[in-house]
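Read through the structures below before going on.
Each of the two complexes below includes subunit A, the first together with subunit B, the second together with subunit C.
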Partner chain A sequence: MALTARPPSELAGFDWEYAPAPEARDIVTIAARNQLYIGGKFVEPHSRKFFKTVNPATEETLAEVAEADEVDVDRAVNAAGEAFRSWSRLQPARRARYIFRISRLLQERSRELAVLETLDGGKPIKESRDVDLPLAAAHFFYYAGWADKLEWAFPNRSPRPLGVAGQIIPWNFPLLMLAWKIAPALAAGNTVVLKPAETTPLSALLFAEICEQAELPPGVVNIVTGAGQTGSYVVSHPGVRKVAFTGSTEVGKLIQRGLAGTGKRLTLELGGKAANIVFEDAPLDQAVEGIVNGIYFNQGHVCCAGSRLLVQESIQQPLLEKLKLRLGTLRLGDPLDKNTDVGAINSKQQLAKITGLVESGVREGAEIYQPECRLPERGYWFPPTLFTGVSQSHRIAREEIFGPVLSVLTFRTPEEAVEKANNTPYGLSAGIWTDKGSRILWMTERMRAGVVWANTYNRFDPTSPFGGYKESGFGREGGLQGLLAYVDLN
Partner chain B sequence: MATAVSRSGGTPPTGGPGKPFPPPPPLSHLGSLMRGVRSVDQVGVEERAAALGKRSIKKASKLAALDLVIRCMDLTTLEGADTPGKVAALCSKAVRPQPGDASVPSVAAVCVYPAMVPPAVAHVRGTGVKVASVATAFPSGQTFTSIKVAETREAVIAGADEIDMVIDRGAFLSGDYQKVYDEIQEVKEAAGRAHLKVILETGELGTYDNVRRASILAMAAGADFIKTSTGKVTPAATPPVSLVMMEAIRDFHHETGRSVGFKPAGGIRASKTAIHYLVLLYETLGPTWMTPDRFRIGASSLLNDVLMQIAKERDGVYQSGDYFTID
Partner chain C sequence: MDVRKTYKMYAGGEFIRSESGRSYRADGVNVPRGSRKDVRDAVVAARSAFGGWSRRTAMNRGQILYRAAEMLDGRRAQFVALLGADRGARREVERAVEVLVWYAGWTDKLAQVTGTVNPVAGPYFNFTLPEPTGVVGVVAPEKPGLLGLVLRLAPALCGGNTMVGLLSESRPLPGLTLAEVLATSDLPAGVVNLISGRRAELLPWLAGHMNVNAIDAAGCTDEELAAVEKAAADSVKRVVRLSARDALSPYAVTSFMEFKTVWHPIGV
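Showing the complex of A and B:
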């Protein structure tokens, strides 16, 4: 018998199970109790209250975090106000030096931060490692470069810092949103009181440690943890000159109402219901990747997620076949595993919201598709989901789900695509897939969306401004435009 | 009155009143068909291929992959200096890659020049290892079709189980798809029972759109396998080129039901690279493609690195190169 003879069953196919490949979690030390970071020191909260933050993949409590009350927020704003006097007068090149130092420390400690981000938020380690951390560092690098060039950023004007900026960030990209907010604020000479989301406060607290390590002057960055109430103290504090908020449209409206007549500057980055538009001449296999990246990236917890797929009717069938096949290869599970594509839903409340909206989709008559997918027993999970036969009037086509749920609609002509894509209260982003360059330009001119991606999706760069139309908010973050929110040009 | 005529309202191009249109000759519009092949987005395909390169394949899954890499390997020597002695050594290595360790399987085939087929056949007879011969004026393909066909026939008569032909890139790039198609068909016929692998030489095709077109052209013309490169041109196999070819195979299978194999070749020297190709295959074409019938890796110097990695997975330490035979 020949040496190579093997049973035919072994040649018939190959069931390849990737062995678990978890990133080591002991690289990061999480304190059992975490204080507030005010005036360059970690301090006990006046409230004496603490709340728990859990790992959404296991429901295990990771740590207790201080809940800042009105007095705590007042102390933080005062510390920031105090620091503003010297920070705003510091030689710009020296300000830049601190910000550069922060960027380098973010890079040096990126593994630690990535693991922490994944533990606290549930996102796959490959995303926190390859997207969140590099981009966060890049934002600091980018704005550090502007710090001593503000006169060139706004020629013939005299840009001056505003004062204390109150910043509230969401739980979907905790550290990256922190970078988007803090980097331009510091570069322009402002000081900051930042409140991270209550379900993901840990990376902001580690960032506070990095500020210490960078020897940033006390009070330039203050971190107050807490829930919505703490956020409202930050927003309404009279010492705050500028408010920047990223989060839900609902809360954004409340903030704008509250700030009316106060003279405080405001930028809002809110929800979205983006259309990802695929024309019949699109490179299909790459469009499928773009669709997957658009809606299943970070479990769909992305304000600019491509949650509505608008596909030209003539290619609906082959595209959906490919898409369903691709969904079957998504690997859902332990977010710390380097091979995981879809992680855990950020919180119990968010899971309930997603489940509710998906149920409404089924009730309203859309056809649901979910690949065969074993969900872990503990933790908050939702399988990648696809709805076909969706019409514009369905809730799943109108409301932001903020989960791994895609609604598929069809169109026949470019005009119809524009009309349907714009027919939403939101206007944050859009995607266009076609081989025809002229059509990309034609479409882009007509889309009411802050960002339009062509033949790609969810691409970010610190030099490129990001922001919304309509109920997706106003103001831009990133790029030269991102500085505008933090300077007074009068 | 024929309905077709009355509907068009003009003179029928062929036939006459009362006669139906004859079916169009099957390949008369090959050029326009080829130009109608769906495009590939360069940025997207490179991004996806790179992302799959970040899969972390460890422990049991790594051992299984390395075993499969050996079973799917076309151990290759394609040098002007090849001699019967060199080929004999290659064949021993192919049959028994790790002397004294029966758990290491034989490779799928040895791949040699036509003149080296007879000694290769003599050495692998009865072992299950196949003999593959390059043909059709490898690597350039720049000769007369009659000679390519004759070379193929001779190689098969000499005992080759598999033929690795090259496409006429000159004809392809000048838009003469018909010539490329016809030549593959003729070689396929000359190859008879031997398996035909069609080398696209993607490094000379210039764009992913061309790679996709050439893949579909070769499969339509009867290729059993499509193969990236000769190994004589840089770049040879790359992950994104392979992904484009695999996606073409997937679409072709979906439309025709025919399963065509895939073979990356050229420049694959490290186990890690080989495993990257397996990941691409697994996540694009799925487990049914992960057999030597549908997947091969062409390599001349990969085998020892794979053996070294297997030993390392088993013992936990790397061994010196001297523990692996150089043939």
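Showing the complex of A and C:
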């Protein structure tokens, strides 16, 4: 099943084929029908409606999942409101213990969750096992520790919880985004109603089971599954005091507009079009790894993906040669195979969006490069792609593609790099590759972006705040600053 | 016979009439009635000034804010007269000076109090610093005419933002006169831009402007706030209306700042 990109001719002497090494999927049991998790119980949806969630690598239906309607969301918010009264007054050290428990349970059941995440979302098992799961558990562990130390976080203030938080998360890192949302909310004494994305609801439902195992008081965490409509019920419910959304800038703006005048607190983590900037003195082999990690990690379904490569003109040719060579060794195929580098595109709709933008790139005159690469017959796939000869006005240089597609632009001077990097309404992240320390700091100062990776890319940690400038949203997740979104300092 | 003063708005470091040629009557004198074009021009001036101002050293920004306090203090009598020449007026001017001095002292401490070094689980050096969010639109409260504006202007500048302020419609003179203080405080041109006029006419253009990063809605009614928040969504603006407790606080400054996190590997 594992399909390998054919090696470029220079490497033809080597046998690059790996034997298939699929992770066993029998560790996961998926119920045929999945209910909503409200008030500490799995309950039938009032809507009586269910939708299918599929494995994007095979198009097989994995399960049916309840679609929460307005009544269901109302029940969830009421359950969370009820639970808030006791949870917010619980001794902080006890609150911490529950969150520590959750972290431990995530570690204990990490393989099961990783396989489920890969089945439902299409990401390589290597990533769900080594990135999503450890980070999710670490996030709960980090914020658990804050629960009884909040008064040390904000000088001259006694933080208080806000109430019920309505949280909406995307499909690219389902469990990790859940952790980013739920951990700080609970630590600060809030209760939550969380809606996972409609294409990846299963790990959130398994997380609900973990809440049960942790004996978390009923109603502290509620999971309502559904699509955008369900999300809009969560956002607009008057019982919700705080909304946290991660997703597209387009939907983020709708939510911000919708909440105008309601007094609800809001944090948004939206799209990006990050520049990954490589100077001529950069260590090229490391930079190539960073570029690959920046845009092909998780099939490019990453809001902070380094989707615009800005390369100094003098090294464009050698860098592109190395990069193309490296693309040829990326292994695309069965996400459950432990050697797979590039998994399945998350959904049919996303595949259509990527295809459409790539077509626009070709139409607008950029030059496309894709390594020779056989795509599986079934499922949603897109080969690692790069465009050269991209100009700043091309759609592929302006719009978030959210797929494994890299646009290469060039620059001559550091000033030009700054100008081009910041020439976007987004401002989530940036990458800088150079051997010169003073230049790193000079560039860092000028990047209008919330996260700057210098000589590295796509690193995450619970202690490290993450979030955007400009139209990439506001508020931070992670670190001490991440608590701000969930506390009232007045 | 006295030489009367023509009251003018302040934008791009210049004292200007409205491009519309209009004026309105307030506090017994003619005051420029700014237009939406004046607002847009002011945003251009503020954006051009942002790079330079935000990269001034914190120490230098502190010195300039302190200089503004000195200049204001030197014109105490003029402002007291403008504000009604009573005890309240004297107190207001004194408070305004205090506020400027207080924030002047915050510029080089903010990063130490709100920034962090983050102990990530890997061989990386990782730190987070507050940075100014960009151009802030300030809606000054109708009153107090001087202190209301100074309380909003000082934290925005303290953090390194540039600003476009809509002055109190009914009491624009203290704000217009404050421009004379700022113009003699070594503040680079365009860092502060002050527009007088009809709020209902100007606010939608400021709130909807795609090149404004944040709105300090201090002077907005609830109704205006809702409209501002709606218009702000088009460019994901930060809309802030601080509580009374945060009116004078470093949290007022960080409300108009972004946290930037930087990673670098550690290795030989």
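Please note the rule applied: the second predicted complex is superposed on the first by the 475 of 490 C-alpha atoms of A that agree within 3 Å, B and C clash if a C-alpha of one lies under 4 Å from a C-alpha of the other, contacts with A are read in each partner's own complex, and residues count from 1 in each chain.
Simple rule for what comes next: a contact is a pair of C-beta atoms (placed from the backbone, for glycine too) under 8 Å apart; a residue touches a chain by one contact, two chains touch by 3 or more.
Bear in mind the structure is a predicted one, so any value in this text is a computation, not a measurement.
By the touch criterion defined above, A:48 lies against neither subunit B nor subunit C after alignment on the C-alpha atoms of chain A.
Contact comparison for subunit A: of subunit B and subunit C, C touches the greater number of residues. Using the contact criterion defined above for the overlaid structures, shared-chain residue A:259 touches subunit C, although it does not reach subunit B.
In the superposed model, A:249 makes contact with subunit C only, not with subunit B.
Using the contact criterion defined above for the overlaid structures, shared-chain residue A:19 touches subunit B, although it does not reach subunit C. Legend: residue contacts after superposition of the two complexes on their common chain; A:285 is shown touching subunit B, with no touch to subunit C. Within the superposed three-chain model, A:374 lies out of touch with both subunit B and subunit C [touch as defined at top]. In the superposed model, A:455 makes contact with both subunit B and subunit C. Once the two complexes are laid over each other on the shared chain, residue contacts for A:435 go to subunit B alone; subunit C is not touched.
Shared contact residues on subunit A (touching subunit B in one structure, subunit C in the other): 455-456. Contact residues of subunit B toward subunit A in the complex are 38-41, 43-45, 47-48, 54-62, 64-65, 68, 71, 95-96, 102, 105-106, 126-129, 247, 254, 278, 282-283, 287-288, 290-293. Taken together, the subunit A residues at the contact with subunit C in this complex read 138, 155-157, 249, 252-254, 256-257, 259-261, 268, 270, 425, 440, 444-445, 447-456, 459, 461, 463-467, 469-474, 476, 479-481, 489-490.
Against subunit A, in their complex, subunit C makes its touches with residues 55, 113-114, 116, 118-122, 124, 126, 128, 133-134, 213, 222-223, 225-230, 232-236, 238, 243, 245-246, 249, 251, 258-265. By the touch criterion given at the top, residues 2-6, 11-21, 126, 130, 281, 283-287, 289-290, 321, 329, 338-339, 435, 455-456 of subunit A touch subunit B in their complex.
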